[in-house]
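Heads up, the next two complexes both have chain A, just with different partners, chain B and then chain C.
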Partner chain A sequence: MPLGNLASVSRFLPELAVTATILLLVAVHVVGKNRQSSASALLSLAGVGAALLLTALQPSMPAVSLFEGMVALDGFAVFFKALTALATIVVIFMSMDSAELSGKSQAEYYVFLLSVLLGMFLLSSATDLVMLYLSLELVSIPSYLLAGYLKGRKSSNEASMKYVVYGATASGVMIYGFSLLYGLTGTTQIAEIGRALATGKAALPLFLAAVMVAVGFGYKIAAVPFHMWSPDVYEGAPTPVTAFLSVGPKAAGFAVLVRFFYTVFASPDGAGGPWTLSSPVDWTLLFAVLSAATMTVGNLVAVNQKNVKRLLAYSSIAHAGYMLMGFVLLTPAGIQAILFYLVVYLFMNLGAFYVVILVANGTRSEDISDYAGLGSRAPFAAVSLAIFLFALTGIPPFSGFIGKVYLFAEVINRGVYWLAVVAALNSVVSLYYYARIVKVMFLEEPAEKAELAVPAFPRALLCLLAVPTLLLGVYWEPVIRVAANSVRLLAF
Partner chain B sequence: MNGPADLIFYILAALTVGSAILVAILPNIVYSAIALLFAFAGVAGLYVFLSADFLAATQVLVYVGGILILILFAVFLSHRISDVKLSNPARFHWQAAFICLSLFGVLSYTVVSTSFPVKPGTVYQPSTAEIGELLMTRYLLPFEVASVLLLAALIGAALLSRPEGRKGTSSDMEEPK
Partner chain C sequence: MVNGILDYLWLVPALPLLGVVLNGAIALFAERPLLLAEAARGDGGHGTSPHGASSHGADTHGGHGDSHAPAAYRKLVAFIGPAVVAGAFLVSLLSVLALAARAPHDRLFVQVLFPWIQAGGFSAPAALQLDPLSSVMILVVTGVGFLIHVYSVGYMSHEKAVARYFVYLNLFTFAMLTLVLGDNYLLMFVGWEGVGLCSYLLIGFWYEKKSASDAGKKAFIVNRIGDFGFLLGMFLLFWTFGTLSYTEVFAKVPLLSANGTLTTGIATAITLLLFLGATGKSAQIPLYVWLPDAMEGPTPVSALIHAATMVTAGVYMVARSNALFLLSPVSMAVVAVVGAATAIFSATIGITQNDIKRVLAYSTVSQLGYMFLACGVGAFTAGIFHLMTHAFFKALLFLGSGSVIHALSGEQDMRKMGGLKKYLPITFATMFVATLAIAGIPGLSGFFSKDEILWQAFSSPHGSVLLWAIGALAAGITAFYMFRLVFLTFFGASRMEPQVEKHVHESPFSMTVPLMLLAVLSIVGGWIGMPALIGDLFHLPNHFEAWLAPVFGHGAEGAAHGAEHAPVALEWGLMAASVAVALCGIALAYALYRVRTDTPKKIADSVPGLYDWVSHKYYVDEIYDLFIVRRIVNGSIWLWQAFDAAFIDGAVNGIAATVRGAGDRLRRVQTGVVGGYAFSLLLGAIVIVGYFLAR
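So, the complex of A and B:
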């Protein structure tokens, strides 16, 4: 039984904290004189920190439906709220250090960042088509603005423009899929839609609806063939924004993908899975093919890249492909593997982008060739980048390896051998381009010998990102337990 | 329903679809914008036909009265945009036509072959009060979230249209190599 509006407010504190911070930011910006001061960064840090704390304190047991069935409060939603809030905190620190963003008006930037965070909170818990669409737009529209934040830079404008055009098309297609579902069932509640579809036999419109909704969600997680926007957007956007887009909205995209498809097109056997397909549409095969295509295209195109941000963009497409493997299996262990991988991915990907920012602050370049000799010019940054890159490859003893082990193990467990083979081949390809950066950094002579100074505070933050990347490779037990406990989708 | 009601429906549908096609194929963007006006008005008529009075009024106010005027202003104020060469050139005619027609085929076959549950008979009753009540009860959260979205969009619009300060421009123009 869903809780009413008033009764829900007390279980909605993290979202309220973020909203209050957004309003405070606007007020401070209007009253304050200095637009470039770091006051808004600190204020947003406090706000997101409070939201993270409130999320951690939130009782997720038993799962409840809030606001007349608009959003769910379950272990799954709490996990994604904590994950996206953590990513936002790291990105705020990164933005404070970025030379690209210094000298720009600060308050608007953080208003957009926090609006996206609010959108991600709602997206990972939405259980109604209306709410789902609205929160998807709340993630998207401020993201367009963030991508184009460097107004004077052509590539940033291009990033924003491409993002808007692709985003509008994808959500248009998705809403058409929603309209088919609503037409078939006459309700916007995803749980009710799932129940209504389980009895019907209309295969063609259902398949069409599944494909159309997959376009909208596939765009958010940048899965092939809906990935076209991501390299240009990732290259043109300010680097902290790129880091944010590659982790936050992607994670929220996976959250909504799992919740939507597992509720509408599948039903759980008992509490918390495993799930069985409840309609005649076998979308798992569709997504298995998408997963294989995503990782293959991402990795193969990454091989030839000369710009680090572009390379990391293609690599993040490939990682979405790996994570999709867990999605098609319909088992709790598959979801658990995705959740664990997202945690690991957060640290290693944000870490890699952070080094890119620090290097760009010093050299004003994002070309791989300008990383030559970084090992001697800035040993600390170079070693950390090497750690993050090896973790992204999935080499033991780094955490990326454990993440991949869980994904591969479950894929083989369920007997989808062809997908496991494709993923294994892809990992080999990825080793080539990740290792190439490491080779350039340590084995090639720099054009310029001067030392690149990395201040103390970025060093500390790099450590905070590198330590979990290493530690989760040898001691991952607590995180995997949290992930296992979070595979609890609200069932009605 | 049949007779005059059907006739009105087909006129409205033809108006909507016909203008929508013109929006896509007209080479001059000003003409496209005018055609869009008729497409929006046709949709408003269809809403009336479905007894969605509030939605029809909103469609006229927001789309016909607001968004379209905005588009026209943008078109007229933009430098050289009405120049046909720059306007909206079309390329890949055949490929696009093939993809669009096959999509149209799939969608229309789906709509025709599926037996959607149909509401018996349209009741023409004012729906505004009911919508207002739902917005304050069942759809309160989406209503509030929409206001945050609008706030962010508003600030974004202000940011985009505000001229950059002199200080910011120098580092900004620089492309990373």
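So, the complex of A and C:
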């Protein structure tokens, strides 16, 4: 039974905390004298930290539906809220250290960043088509602004422009799909839609609608062939924004993808076992093909990149491909594998981007060739980057390996061997380009020998990202347990 | 249920780990920048030595750079390092006392710390198990370990990288405690690999010296061979039992052997594979070759890791798995024979060595052989008993030799010593006690444990006269070479080089106090395990055997059985014989190295072939090099040129070119034209729909 509006407010505290912080930031922007001061960054940290704390304290058992069925409060939503809030906190720290962003108006930047966070909170819990669409736009629109935040830089403007055009097209197609679904079922509640479709409906319109919705979500997670925007945007945007986009909205995209498709087109058996398709849309093969295509394209194009940022952008496309493996299986274990991989991915990917920022602060360059001799110029940063890259490759004993083990194990258990083979081959390709950076850092002579100073605070933060990347490779039990609980609570 | 102090058992490994973290932070953030700055100034730390001993190229007790005013962090490190181990020892002691307060059949405490790995039917929790066997081990590891940590403070006082040293030493203690406290084979393996890593790091501690880094690599590679066996044994164990937890495995043994799952063949395979691991870690034939070279490490390391604790891990593992070994007569025989052969083989090499630490190294290999001999004849209690007493007197011998080396500015060659008795009175007195103990002189610890082993080798159903005879002969040789060492080092006229002689000094208290404590333990340490024969005279029961009985129930039974039926006179006779053999060895050493000091050379000259053969360690290293190492190297060169370079690289490069080409073409799709992007989105959607419609 959905809670009414007033009764829902007390369950909505994390979102309210973020909203309040955004409003305060706007006030700071208007009133504050010094636009460059780090006060707004600290304020944002406090706000997001409070939201994270409130999320953690929130009772998610039993799952409830809030605001007359607009959003759900369940373990699944709580997991993604915590994940995206954590990513935002790391990105705030990264932004504070970024030379690209220094000198720019700070409060504005954090208003956009936190608006995306609010959008992600809502996106991962939305259970109504209207809410879902609105929250997707709330994620997208500030993202466009963030991508173009370096007004003076041509590539940043270009990134923003492309992002807007592509995003508008995708969301147009998606809302068309929504309208078809509404027309077929007469409701905007996704649980209702699922029940209505289970009684048997025309296959073709339904399938069209499903593909159109998939376009919208596929754009958010940058799955091939809806990925074209991402390399240009990732390259042009300020690096902290790139890091943020490659983790936060991607995670929220996975949240809504799982929630929407599982609720609408499938139904769980009571015992927590595999799901069964309850409508004529058999999307598993569709997404299996998308998964294979996504990882293959991402990896193949990454091979030839000469710019580290662009390389990481393509590799993040490939990682979305790996995670899609868990989505096609219709098992709680598959979703659990995605959730676990997202946690691991958060640390290793943000860590890699963070090193890119620190190096760029010193060298003003993101070219792989400028990483030559980094092992002797900035050993701490180089070793950290090597850890993150090996984790991204999925080599034991790094956490990326365990993440892949769970994804692969599920695919193999369900007998989708071809997908496992494709993914394994892709991992080999990825080893090539990740290891190349490591090789350049440690085996090639630098053009300039001067030491590249990495201040104490970024060092500490790098440690905080590297330790989980290593630790989750040998002791991952608690995280996998949290992920398992979050899957079980997936309620509508 | 309230377990009192036992609930804090986790502190035992956790405290040394805390030491690793603290000292590690100091090493990284305080010491390393300092050393780097010094290296940048071109002050390598050599050449400014007050002793000028670097020319010996041997254990030079540290970088012996002139330590300016000792930095504050050095004092902190020197406090943290020993303190955490002292804490671990206290907790261990209290835990063991709490365990002892329980009824004998109830002396098993398992503390599950957290679920570690769970995958399908496999689960391995991180859990600690305290029982009589692990009690003995943790007391030895933390007790002797603490003394050696204290000793290290003095010994390494001239060393620059002192924080790095204590990080390794603490890490070793942590890994060793994990090894002996883990409640399953997987956790034992973690500790097993951990101590191997620390051993490698500490052997190569002075990595700028090529012989040290080579020795480190040799130890690491030889141990890999053994670990390979351990791993396979563990896989087979899991395959057979479906679990790796000690309690579950041993509880299932009767059931599985009854229903035919666990045949003698499988038990033999498991135990032989495990034993292969033990021969690597505990330096037995054929994998003993790394241990003598390991003496390149600092001497306290030789004492702690390569004498008292790590190398006994194999013995611990065999004793822990006694229920499995007893199922297979073949494995028992292999263990006994390998142990006996190693004991005599390395004892003979010990006679001809001139490096004081190498003599002790071969002596260690030989004594470890004794322990395996004991296990192989089913006398696990005697094996563990000897493990404990050996830890006392061998650690003392190594630390004493370290004190000698320290006094002589790094000199390790006994031919350049002599007459040190008057310069180093404490070192001499304590080392002499240890020598009496290892020689098996009645009343000292070594006598009780060695005699127990020899008696069991003779009387146990698994034993034989031949094993006894080999053991007794090895005991005689041991007495001989140990007294040779003492006579050459401490007696006679000085053969020191003049500039060395000027600096000879007794070591500081931080080094001599551990020596004295260990000397006391070397004397009294054996009294808790007096054989019934002697114990009855003084009305002293054998506490040690009673303590371990719950773990070795079946094993002790078989051995005790044999003992009961043997006549008392026989036991007395054998004891007298082994003491007589030892006394002969001592007498011979006295004759050759005190009375007629020119004779040894004459003997060596009269049998040049034999002497060369033995003094070159039977050319085992050379044989391994010729038949194994060369083969592998040549084979790898062939594989590299014929297979890797031509075939693999060709294939890889070909594929890589294809991948790159494909990537390049795909990259061109990314034109940057916005309209094209938007169109591609629609095209993608249309292709998908089209495909599914056409299907």
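Rule of thumb we're sticking to: the second predicted complex is superposed on the first by the 484 of 492 C-alpha atoms of A that agree within 3 Å, B and C clash if a C-alpha of one lies under 4 Å from a C-alpha of the other, contacts with A are read in each partner's own complex, and residues count from 1 in each chain.
We adopt the following convention: contacts are C-beta pairs under 8 Å (C-beta built on N, C-alpha and C of every residue); 3 or more make two chains touch, one makes a residue touch a chain.
Predicted model, so just to flag it, every value in this text is computed and none were measured.
In the superposition on chain A, A:L208 contacts both chain B and chain C.
Of the two partners chain B and chain C, more chain A residues are in touch with B. By the touch criterion defined above, A:V328 lies against neither chain B nor chain C after alignment on the C-alpha atoms of chain A. Shared-chain residue A:V440: touches no atom of chain B or chain C. In the superposed model, A:E108 makes contact with chain B only, not with chain C. Contacts of A:L472 after superposition on the shared chain: neither chain B nor chain C is touched.
Once the two complexes are overlaid on the shared chain, A:N304 sits against chain C while remaining clear of chain B.
Annotation: chain A residues 204, 208 touch chain B in one complex and chain C in the other.
Chain contact summary for the complex, chain A toward chain C: residues 158, 161-162, 165-166, 169-170, 173, 204, 207-208, 211-212, 214-215, 219, 225-226, 228-229, 231-232, 286, 297, 300-304, 429, 432, 475, 477. Against chain A, the residues of chain C that register as touching in their complex are 114-118, 656, 659-660, 662-664, 666-667, 669-670, 672, 674-678, 680-685, 687-689, 692-693. Those residues of chain B lying in contact with chain A across their complex are 106-107, 109-110, 113-117, 137-142, 145-146, 148-149, 151-153, 155-156, 159-160, 164, 167-169, 171-177. Of all residues in chain A, those touching chain B in their complex are 5, 8, 19, 22, 26, 66-68, 70-71, 99, 103-105, 108, 111-112, 115, 118-119, 122, 128, 130-131, 134-135, 137-138, 141-142, 144-145, 148, 150-155, 180, 183-184, 186, 202, 204-205, 208, 360, 364-367, 370.
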